[in-house]
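Input: structures, listed below.
Two complexes are shown next, each including chain A; its partner changes from chain B in the first to chain C in the second.
Up next is the complex of A and B:
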């Protein structure tokens, strides 16, 4: 970028690429007190690129038709296309790993208080990206048209029937049939490969733009001006990215280890049976990344309606974090908030417990454990206004930070 | 307000905006309609079945909207089926367990529907009598035309059943 003359200068005169580069990369400063958890944002973009590239290759042989879909994946792509299996496993493992990276990225944002003012827009766009990514994963999971694909889609679309008044008609509208059928497959395919990725790109752009306006948070949650960061911090390019390349390399080792030696975790054996609408598998469960939310749905085992309300809340409550947590502490990081820290680690443990319970049959003791774990999930969100209140009192009496 | 005059420029803006809103509404409506089930799917959603072809004590399975519908012609020893009886002697229910959606089997000797997944049992009326199912088997919307049952349309018999 330093070079003058030639193509770069020609472009700069017409597109001001030098200014753009400075704003986005070379003069975007990060504080020094960040840790390796801050590298997961760029990792999500790396995984997204991997998913798009592998997805385009799969697109060339996949057939979005109820009669052809299963064979186009399990025969054509897996057996006939040279290296087709690599791209399929990369895509399936990539989807799984995307959520691992996202959970860490989101968890870092919560623990260090990155959702708090002035970063609400970063948080909201990030939340929208999570919802879009979930929708993309859900629509994509139907495409191989195996038994688990089919019954996962059948079960989740049935949930919409519980919406008052319009529910039953809405389900038929979403499916384009009375059951999940060819129409459903083709429209899920269309959403999966065009509409949803396009929206993800748009919101990624807003997300990155917003983070460049308000700047990165840091480990201690100290508010810093741009000038302070410029003086004491590091530029995104080349210093931060130099470290990021190392993290990326380690990550890719892990990623390709999964792709080549451990891909089976992303391939459910039941999904190697073609979809059959007259035969329900005895045990239906989603992929691991939805298990926690799914367990909240099942956790209220005595009432379907409560379970559904809990399920919707469990997914959408995080959006309201900036307004649930109104603590006046100027240092927003959970590192300096003992009460918050306790609730946070309970929440993390609970999320893992829900994920494990989500795969177990919902009977006997597990049903009750699921119920308790579902309640604990909401305790974190319920505790935030209380913690904020206590911290407000502390600040008023001269304590706190 | 009376004194405020809508300028020519404002008028044009409102007119254009309004017209664009109508256009957008039309486009959204058309997009909404494209997702509705196709005519052939809707037509296949209504199934006719002649009840008289079922012999007493026999169970027939009819496919309706991708679901199995059990048609059982009951014998007197199978009970009266309060408010669940169709044409006095038939049980017509969606053959999907109300627990987790498996398909129960009809056990002729015991005269019950037994679910292979979690052992739920339903009597000959389709009412849950044992195990985890929370509700009786669902009765599909139907209409009676003589001895023919039309699945997917609601007749007076069905409405009466749902009320009581």
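Up next is the complex of A and C:
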């Protein structure tokens, strides 16, 4: 933006692009004590762009019709269209990797206390983006109309039947039929390609705007004013992005390795059999990124209602982190909060355990392990007010950090 | 250094999760399959559960006579100018399934299996509802018939093999191959229309398919897929074919993949150099 005169000046007079560029990029300062985990926000944007581009190309050949969907994906796109298979692989692997990047991005936010004041709006919009992304993934997963697509949709939509009073009617309203059928496919398609991505764009804009206002957190969770960051920090452009491009390149190397050479985890073999409402597959499980929440649902194996409540809580509790954790420590990072750190690592281990258990058959020992792991999941959230209380007392007695 | 430590933690977390949801989960979910494969030593191309056979060195000329007497009322043998006695539709309506033309049957079916099959089709195929009845033939007659069939059989490969070995019940519609027996007849005969095999290799994988075709009841008890006694050579040929039609762009994928990875490696180098340059004066 150094160049003056010509088109840039013309645009600047009308759109103030120079100011915009400064606010968003060149004079947006980040602290220096951040590590490469801070690059994952931009990575989610990169993956989102990859998904949109590959999605648009798939959209040109896909047929949202229960009779044609499976063949349009597995024959037309995978076999007939030149390089159609590349775009399908990219889209399927991209959806999976989006959640990997999101989990790391969210995990970084929790560990370093980025959800705490004054970043609540960043946290809330981020959480909404996660829910939207989950809805997009869930609706998109039905589109290939394979066995697992069908039965995952059938199982998850059935959950709504448990909602008091309106439940059974709601399920039919969502499906547009008594079972998952053509009407369900068409409406999921509509949501997947228009409504949900549009909402994601809107909330991404708010998310980024909010970050520009309150600024990035840092490894030590030290609150810094804009002036301090300007003096000691690095500008987003070009310094932070120079590192970001390197992280992106390494990430894309890994991403394309998955796309071309190790894609089976993102395309379940069972889904290469066409949907058949008369034949339930022996094991029904969601894609890996929902397994942890799914396991909480199954974890309370003795009560469907408890399981459903647990499932909803497990997805929505993270939203309330800023108000569960009211610790007065000035350094918000988990690095400087020993109790929080212990609970955090237990939570991470538990999330992995839930994810693994979510795919295994829920019988015998696995059922009990699932139950214990589900309880431990909630322990993290329950412990936050207690940790905050202990830390408050420490501060009051002149101790702490 | 610190960055590498964080990366290492990430790799461990992602690695453990991947191990859990892929290899571990599959080994637990497919345990009964591995157990069946182990128990019956699948694939067993000797079909040892059926016992032994007399020496298979019959007389082809006598076999032809026996064939015309006992087999030709249902089966054709085009290789020797014997046409099928009925058109496929009529045959399917009367028997439930179109009886195969037997021109090349010994080239892809184990002769040992064929002997036991002719003797007792339901037992050898492990499918009680099989359309062919036990003909009550003498061992000698069976051996002669096999010798006759063998004298006419020629090797078939790929799509031809698929049509002869599987194509009476199964379609591969992406290859424009449609089951010889009409779907309605199949549904009546087998209880359901057998799956289309266009991309079955992606759904089931070679390891499972080889064992399943070899002994369907062991892997999927109660299935209406009969054991058909494919020999080793034909099984391998068929697997190659099914893999090719399910994944026609395999070579292209590897080639494009390597180019893209090489490009990304260069990008890693370039972006690292740029990062170094920009960050030289920072710290």
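To be clear about the criterion, the second predicted complex is superposed on the first by the 401 of 401 C-alpha atoms of A that agree within 3 Å, B and C clash if a C-alpha of one lies under 4 Å from a C-alpha of the other, contacts with A are read in each partner's own complex, and residues count from 1 in each chain.
In the analysis below, a contact is a pair of C-beta atoms (placed from the backbone, for glycine too) under 8 Å apart; a residue touches a chain by one contact, two chains touch by 3 or more.
Keep in mind that what you see is a predicted model, and the values were worked out from it rather than measured.
Participant: In the superposed model built on chain A, check whether chain B and chain C fit or clash.
Facilitator: In the arrangement built by aligning on chain A, the partners chain C and chain B fit side by side.
Participant: Thinking of the overlay built on chain A, is A:27 touched by chain B (first), by chain C (second), by both, or by neither?
Facilitator: neither
Participant: Which touches a greater number of chain A residues, chain B or chain C?
Facilitator: Comparing chain B with chain C, the partner touching more chain A residues is C.
Participant: Tell me which partner A:100 touches in the superposition: chain B (first), chain C (second), both or neither.
Facilitator: second
Participant: Given the touch rule stated above, what does A:356 touch, chain B (first), chain C (second), both, or neither?
Facilitator: Only chain C is touched by A:356; chain B is not.
Participant: Tell me which partner A:18 touches in the superposition: chain B (first), chain C (second), both or neither.
Facilitator: Neither: A:18 stays clear of chain B and chain C.
Participant: Just chain B (first), just chain C (second), both, or neither: which does A:280 touch?
Facilitator: Only chain B is touched by A:280; chain C is not.
Participant: Just chain B (first), just chain C (second), both, or neither: which does A:178 touch?
Facilitator: Touch status of A:178: first partner only.
Participant: So in the superposed three-chain picture, is A:36 touching just chain B, just chain C, both, or none of them (first/second/both/neither)?
Facilitator: second
Participant: After lining up the shared chain so the two structures overlap, which partner does A:270 touch, if you call chain B first and chain C second: first, second, both or neither?
Facilitator: Only chain C is touched by A:270; chain B is not.
Participant: I want to verify one number: the closest Cα approach of chain B to chain C after the superposition, in Å.
Facilitator: Superposition on chain A places chain B and chain C at a least C-alpha distance of 9 Å.
Participant: Which chain A residues are contacted by chain C in one complex and by chain B in the other?
Facilitator: On chain A, the residues that contact chain B in one structure and chain C in the other are 282.
Participant: Which part of chain A faces chain B closely enough to touch in the complex?
Facilitator: For chain A paired with chain B, touching residues are 155, 172-179, 181, 183, 187, 277-280, 282, 284.
Participant: For a test of understanding, state which residues of chain B touch chain A in their complex under the given definition.
Facilitator: Against chain A, chain B makes touches at 32, 35-38, 41, 45, 65-68, 100-103, 117.
Participant: Using the touch rule from the top, collect the residues of chain C that touch chain A in their complex.
Facilitator: Touch residues, chain C against chain A: 2-3, 6-7, 10, 13-14, 16-18, 20-22, 24-25, 28-29, 174, 195-196, 198-200, 202-205, 248-249, 253-254, 256-257, 260-261, 264-265, 267-268, 270-272, 274-275, 277-279, 282-283.
Participant: Which residues of chain A touch chain C once you look at their complex with the stated criterion?
Facilitator: Listed in rising order, the residues of chain A that touch chain C are 32, 35-37, 71, 74-75, 78-79, 83, 85-86, 100, 104, 234, 238-239, 242-243, 245-246, 248-250, 252-253, 256-257, 259-261, 264-265, 269-270, 272-274, 282-283, 288, 291, 348, 352, 355-356, 359-361.
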